[in-house]
Each structure stands twice: as C-alpha cells, then as structure tokens.
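These notes are about the structure you will find just below.
Read from first to last, the chains carry the letters A, B and C; within each, the first residue is number 1.
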Amino acid sequence: MRSLRRGLTPLLLLLPGGSWLIAFFAVPMAFMLLLSLQQGTFDTGYHLTWNFGIYPQVIGKYWALFLRSASFALMATALTLAIGYPVAYTIAFHGGRLKNALLLVVVLPFFVSFVIRTLNWRMILADNGMLFGFLKSVGILRPDFHFLATPASVVFGLTYNFLPFMILPLYVAIEKIDRRLIEAATDLYASRAQAFWRVTFVLSLPGVVAGSLLTFIPTVGDFITAEVIGAGNPEVFMVGNIIQRKFLDSLDYPAAAALSFVLVAAVMVLVIVYTRLIGSDRLSG
Amino acid sequence: MTPVPTAIHHATPLRERLSRLLLPSFTGLLLLFLFAPIGVMIAFSFNNPLGRQNITWQGFTLGNYVSLWGRSDITDPMIVSLGIAAISTVVATIFGTMIALALTRYRFAGTAVVNLLIFIPMTAPEIILGASLLTLWVSMGVERGFLTILVAHVMFNISFVVVTVRARLVGFNRSLEEAGMDLYADGRTVFWKVTLPLIFPGILSAALLAFALSIDDYVITLFSAGRTLTFPLWVFGVSRLGIPPEVNVLGTLIFVVAIVGIGFQIWGQRRGGRSTDGAEPITMVVR
Amino acid sequence: MTDERQDQTEVERAISRFFAEEPQSRRAFLRRTGRGGVYVLGALSLPAILAACAPGSPGASAAAAKLRWLNWPAYIDIDEAMTPNPTKYPSINAFIQQTGISVEYNEGLLDNAEFLAQYTPDLRAGNSTGWDVMSPGGWVVERMARLGFLQELDHSQLPNWTANCADYAKGIWFDPDNKYSVWWQGGITGIGYSPELTGREITSFEDLLDPAFAGRVGGFSDMRDMFGLTLLSLGVHPADATVADVQRAQQKLLSVPKDHFRGFYGNEYYDALAAGDLAISVAWSGDVSQMALYDRPTVKFVVPQEGGMRWNDNLVIPKGTTNTVNAHKLLNYWYDPAAATTLSEYIGYFTPVKGVDDRIRADAATARAGGDTATADTYDVLAPTVVPTADQLTNIFPDKQLSEAEEAQWNSLFETVLGA
C-alpha cells in the first residue's frame, strides 16, 4: 500500500501544475508549431503544407540576430551575477532578522511598472541629463558621448530589469548554507578567499544555476529593451524584435512561429549543455 | 577542539577593516543603483507639468496627491493588476512548489518531459505565447477578461516558481525530515511542520518573483485581456502621449505602503519574537 | 542509547526554537496556504467559470444598449477635475445627454498592428469583438474592410457627415467611398528639429541624412512612414511606388553610416527630441506643437519640401455588434461642429469638420472679452493648426494600398534598415 502511495505521489504533485501547463501552454504552442509549417497569407489564410524548409530559411537569414541576442543575454547574466551575488550574500549572511524584509526591499523597485522604471532611467541617462550632463560639465566625458541607443545601454537595461531573477534564487541557495562549514574551512587554515570559493560558492551553485537560467533565458528573447532603451538602433536589433515585427507588422505568422521555435530550440540546447557542465546533481535532490 | 592561534591567518587590521567595508559599501552603491529610477519617480510625482508629458521639471506641487483619487482611470487598472498578481502568485506558487518537490524528490520516468514543460515557456517569446493563447480562447469561445488574464499569468509563472524553489530543495538534508518522521510518524505532519518551513525562503522568493512578473506583464496580457485594462496595458498606452504625474504618485504610494509594511513587520518581530540571542537557526543543527 | 535520545531532544528543541523565532512567517504562510486551497478549488472549477463567461450567455445581451467605443489614449477631451458625471469626458457627456445613450469609453487601442493581431481571431470567427465603435488607422481600415470585418455605414444616418465633412477628410485611398469609415482625427508626418542643436533651419528630407547630425537623427519604426518620406525624397509618390523604388529607398537609408540614425523609434522619439538627445527626427505634427508649448519651446515642425506623409484615424463599426443604430449616432455626433470644436480645442489634431477653426477663433474672442487672455491666446494659436493649410494639402501624401506580395516585400526590405 505504501509503495503504491509512493508511486502515486509524484503524479499527484505534478497533476495540477502539469495539466495547467499542458492545457494553456503545450496545446496552444502545438498549434503554433503547426502554423510554422503552413504557407499562405494573413488575408487568404494558411494551409498546412509541411513546409519544413522555412526553418533553414529563417536560420540562414537571421542567424546573426541569434548570436547578438545570446551575447547580450550572456553579458547581462554575468553582470547580474556579479552584482547580485554580493547582495544575496549580504542579505543571507548579515541580514539577521531583517532577511525577508531586505529581500522585499530589493525586489520592491520591480513592483513599480516597467514603463515607469524605464522612462525614469531614460531621464537619468539622457545625453545631457542628470548623470551625463553633470559628467560632461566637469569634463569627464566628451560632449558627444551618449549612452542610450547603444548596445551597452541595452545590456544595462536587461541587467537592471532582471536583477531580482538572479538575486532571489541566489539568496535562496546561499541562505541555507551552514555557516559552520565555512568556520571549519577557516579553522583548517584556509584564507577567507579560499573559504569563500571552495565552500560558500560551491554550496551556492544551485542558486547560481537557477539565477543564470532565470536571467539568460528570458533576456535572449527580449525585445522591449532594445525598443525603449536601445531606441531601435540597428546595432541592438535582437531576435525578439524580428519576431515581433514578423508577427505584428509583416503579418508573417509562419515565419514568426518558426523563428520562435528556433529560439526555443537554441536556448534549450544551451540550457542542457550548461546544466550538464555544472552537473545535473546540482539540479535535482 | 584544540585551540588554534588565530593570529596566523588574519590579515593586517587595516586591510581587514577595508575589506569589511567593501561588502556594505558595494551593497550601498547597489541600492543606489536599484532605487535611482524610483527616486526620480518620487521626485516627479511632485512635478506640475503644463502639458501631458511629465519629463521636464516645471514646478512643485502637492496637487497630484489629491488629484490621484479622482483618477479612476489610473487606480482601476492598478487594482485589477494587484488582484491578478495576488491570485496568480498564490496559485502558481502552490503548483510550482508541488512540481519542484516532485522533480527533486522522486525518480520517475518522464522527468525530461516535465523539465521541458517547465523550461520551454520561459524560452518562448511572449508574443507567441500570447497569440497562441488568444487562438485557444477564440476557438473555445471563451470571452477574454479577468479570468483569462489570470489563467495566462499562472501559466507563465509556474516555471519561474519551479526553478526558484528547486534551488532551495537541491541538497536538502533529509535527516531533519527523518527525525521528524520518528517524532510524528506521519508523513503529512512532517511535511507541514518540518519540510515546508525549511523550504519557506525558497517559496517566498518564488512568490515575490511571480508577483513581480505578473504585475508587470504586458505582451501576454494584451492578448488575453479583452476589455479588461491592467496597469501595464494602461501605462504602455498612455506613455505614448505622456504619463500623467498621478501615475508617479501611485507608484510612490505603493512604494511607501510596502516600506511601511516592512517596517511594521520588523517592529512586530522585535516586539513579539521571544529573544533567541545566541540560538542558532534550525538549518545549523543537523547537517 | 543516550546519544540517540539526546539527538531527538535536540531536534525537538531546534524545531520549537525555529517556530519561536519566526511566528509571523508561519502564520502568514499558513494563511497563504489556506487561501491557496480556496484558489486551487477555484481553478479546478475554472472550465465551468469560463464556459459561463462565453458570449451568448444571458449576461451579454443586457449590455447591448450601452455603446462601447475603443479609442487611442489621450484622443478625447477630458476634464480630470470632474467627477464622472457620467464620464469625465465633456463631449461624451454632451452626447449622452443629447441622445440618452450610455457610453463605455476605453483607451485600449495602443498600436495599429497590435490591434489587428488582437481582434482578427474574433472577427474571423464571426464573434463580437466587444466593441461597437473602433478608431483604427487607414491601412488597417483597408485590410479590415477587405477581409469583411467591418459593417457598411448607412449614410442616411450620418447627415452631419454629409453636411460638414471637409473635402480633404473624405474619399481617401483606403476607403474611397467612405463605405466603412469616417475620419476621426489626422495629422502629418514630417520632421521635427531643434534649431539651436542643428545650427540651421531644416527644409528637406536630405537634412535627415546630413553627416553633421550623425548620431542625433531619429527615424521611425513605422515602415509606411519611413519609406514614404524616403520615396518622396527620391521624387516618387508613395502611392505609385514600385518595389524597385522601395529598394532604392532602402539603399538610401542604408547609405549612411551605421550610427547615423540614433534609432528607429516608435512613440519614444518624443522624449528623445524633447530632451535634446535628438537634434532632428521624423515626427508627428501634433506632438511637436505640444512639445513646443510645454516641454521644449524651441522645437519646430516642418513638412519636408519633397513632401510629408498624411495620416488619419477613423471611426468604424466592426461586425459582430448589433448596436449599429447607436454607433451611427456617435459617428454623426462627431461631425456636429460644436462637438468637433470642443474636441479640437483639447486635442489639437486635424479635424475633419468644416468651420472648426473659425469657431475656435470665436471662442478665443469670447474668452478675451471675458478677460481670460490665457485661454484666448491658446485658442488663437491653436485655431489655424487644426485644419491643414492649402500649402500643406498639396505637399502631403497618402500611403499606398499594398497588395499582400508588395507588403511582404516592403516589410522585408525595411527589416534590413532596422538592423535585421
């Protein structure tokens, strides 16, 4: 009886969320997959012609955008890790009773709408705005310097907006580390740096992995940052932007769908490679 | 334990003092960075713009704090967004935690499929998720509105919850649970009294993430909203021609309310919590 | 043996210590799980709820008498100080008073392309969109009409339109007989610039490509606008352009160095132009007047000498609604000069109604006589801008009606300009 219950338990746990995802994600996406293999026009309708040729077509035409998006996403992930780790560490190890409160404080800016955050950043980062206007007036920057509408600004925007996605999982993992293990390391003559890298960081790897995934995956397909912070500059046009355009402006649904699935496949490959490298035991108990 | 001369592996006092300052000052800088746009938002909530755009400073006023309450066109979408975020967070957190538990604690055929089902929603572009959902709604004859937005939000939140909670479950030490089993001899009670509180930080973090995701969602919501206006939908639309300063006021108020709420929680903890100075958190006991 | 018992009590102690330490979080958590249970149950009954919400249920028809209008944001006069009586839009209140029809006004039309993507599934399925009146742009009207998404207008119910519609506001390429649409508001796409940043006056499209302005030039992400202006600079009317012409236009836009155009903007060009990040940009006439009034007094708008692009939004009645008589009443209302004047005095785009400029001047005179010089001045400045001048009319051009193949090609060519 007990073994039957044990066999059923994972199924019961998976059932609510799993069926939700199947009904409201997998089924609609299956239609989209079929749509990618169809041909026709928006006006006259699409017909399933099993047009697998669309995949090499869109890859051949837009592969550079995939590379660009991946590099932006990679940089943003690295930056969020570099910035987020110290924050998560500080809250976890030095937060004390204020831990949950500090966590909420860190995430608070993101409860204010994305549009408002971005608009205000645009104000701050304007060519002659609060920040750069000042730096230019004291001669630190050349007068024709600008930050907005550059690839750097897009990476900046992605980093800022995805910080909670890195900080929260990191915190989750760091917080449960037994501090006495670190004490033990230093007792064994390890320097503080060694104690950190060999004990703390290693034990926090599940959080690093989770945070990296939660940051990298959505940023690759991002389109809005390139539009509102990158100003639609040709140098920042990402995969997400071409999918938007194909879908909304060009009304080329098969191409939009095909590009989406290429994106999905490419990112999944990267995710699988990454998690294999780290070691899958980091991901499952 | 044999006493060890500690002077050997300590840095010189100055270096150590500086390196101790490093972390807090970095965190301080980071907080500055995090809250910079919020600061500007609060500042411009006091602006008195003559036109529709609130981008140049044109005069101080407190009037916006009064006029906000007459602006149901601003507060209504915000209430809708808060409601959807709250409900979808709760549902997605529950579903996602259950999936995370299943994935980390049980071996069963099909973990790969479940993992795909978790990761692919995060990788797929929002416009495709949104548009495909719309097709589903239309083909099912379902009218779009609050409920369909809710369904969509739960859908995309589950994945983020799973990944976050999983980070907490990995490497989870079972001996506490085993001790609990000996104490309570009932799996269910052990779960509620031991496991869940221990993974609570993971659940809380996942819930925070889900809430932030939901309250900010635009693209997917756009396709599932029908005639319902959520705050991002409204703000994206209005940003076209100028966001009124009352929006800044609303953002400021939300911010202030949250800070006050946190303050109360800290104060409540200080007053109500029995002093446990010197006690170690439970995570340190058995490893 | 004793060690085991000691371990057990340590665990017990630890567990009770944990709960002592965090009473609030446990309570909060249990509260949340309690709520969670309720919502799981709710979710399981979701299909039932969704089915009840499907159109055709008794609840839907009760709302039929109310007129539902989907419009763009900030496209109507609003009195923010007014408490809804019954709405905060004075001219809509006047309509409600005159006709006794209640109106649900919604500013959810955010982007032409998004709008189309949102409502096509319903319209194709023959469902109600939930709206009785909508305000899409020209090329969207053309497409919707072609696909059979729009109801034909009964002009016998639109006497005001017949009497008061200006010539420039009717018979446009996307609906030459106004079978499906009437003009709502319109404007010009031209060039906006700050003379102190450009160092000189701007007169031509070529100024956008001037190397002296590199890095501070704004383009549009709208394909029709951007290619339209470029085609005009090549001496080609967009309405007659061939794919070969568009290829030349594309090459022209690609002929400048990569960082010449700071970006291809949607609506965000306004912030950049007002902040001075852009010295010169493609711009909409109405935006620039607003900017000059409030955010950047020096900014100017000019229709390029080669030609500017004309645009307008339209009132249409989608299929799937039975509230057509009331919808016609609304369309007719906006062609009443008094209503049109109230609207224009607030939003300042091109009005389709004859005589509005004179009425605004009359209102200015009344205000001045009553001692309100501020309002009088504003109206005097505003009056000539709500109607296109004769000069402008000869030099602004419409979009082309694109076949599907052409549209695909033009879009593909534009993607390269955007950076694909």
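In this text, a contact is a pair of C-beta atoms (placed from the backbone, for glycine too) under 8 Å apart; a residue touches a chain by one contact, two chains touch by 3 or more.
Here the structure is a predicted model, which is why all the values come from computation and not from measurement.
Between chain B and chain C, the least number of touching-chain steps is 1.
More contacting C-beta pairs link the chains of A-B than the other of the two pairs A-C and A-B. Each chain gets one centre point, the mean of its Cα atoms, and the points for chain A and chain C are 31 Å apart.
Taking each chain's centre as the average of its CA atoms, chain A and chain B sit 15 Å apart. Shown for chain C are the residues in touch with two or more other chains, namely 25, 40, 43, 114, 117, 271, 275. Of all residues in chain A, those that touch two or more other chains are 16, 20, 100, 119, 123, 247-248.
Counting only residues that touch two or more partner chains, chain B has 55, 94, 131, 135, 151, 154, 204, 236, 239, 265, 269, 273.
The part of chain C that touches chain B in the complex is made up of residues 7-8, 10-12, 14-15, 17-26, 29, 32-33, 35-36, 39-40, 43, 46, 49-51, 53-56, 60, 68, 72-74, 80-81, 83-84, 88, 106-110, 114, 117-118, 121-122, 125, 127, 130-131, 267, 270-271, 274-275, 290-291, 293-296.
Every residue of chain A that touches chain B in the complex is listed here, in rising order: 9-11, 13-14, 16-18, 20-22, 24-29, 31-32, 83, 86-87, 89-90, 94, 97-101, 103-121, 123-124, 130, 160, 163-165, 168-169, 171-173, 175-176, 178-181, 186-187, 189-192, 203, 206-207, 209-211, 213-214, 217-218, 220-221, 223-224, 239-240, 243-244, 247-248, 256-257, 260, 263-264, 267-268, 271, 282-285. Interface of chain C with chain A (complex): residues 25, 40, 43, 111, 113-114, 116-117, 120, 143, 146-147, 215, 218-219, 221, 223, 258-259, 261-266, 268, 271-272, 275-277, 404, 407-408, 411-412, 415, 417-420.
Residues 1, 4, 8-9, 11, 23-24, 26-27, 30, 33-38, 40-41, 44, 55, 94-96, 98-99, 101-106, 108, 111, 114, 116-129, 131-133, 135-136, 151-152, 154-155, 158, 160, 162-172, 201-202, 204-206, 208-209, 211-212, 215-216, 218, 231-232, 235-236, 239, 243, 247-248, 251, 254-255, 258-259, 262, 265-266, 269-270, 273, 283-284, 287 of chain B are the ones that touch chain A when the two sit in their complex. If you check the complex, the residues on chain A that touch chain C are 16, 20, 41-44, 61-62, 65, 100, 119, 122-123, 126-129, 144, 146, 148-149, 227-228, 230-237, 241-242, 245, 247-252.
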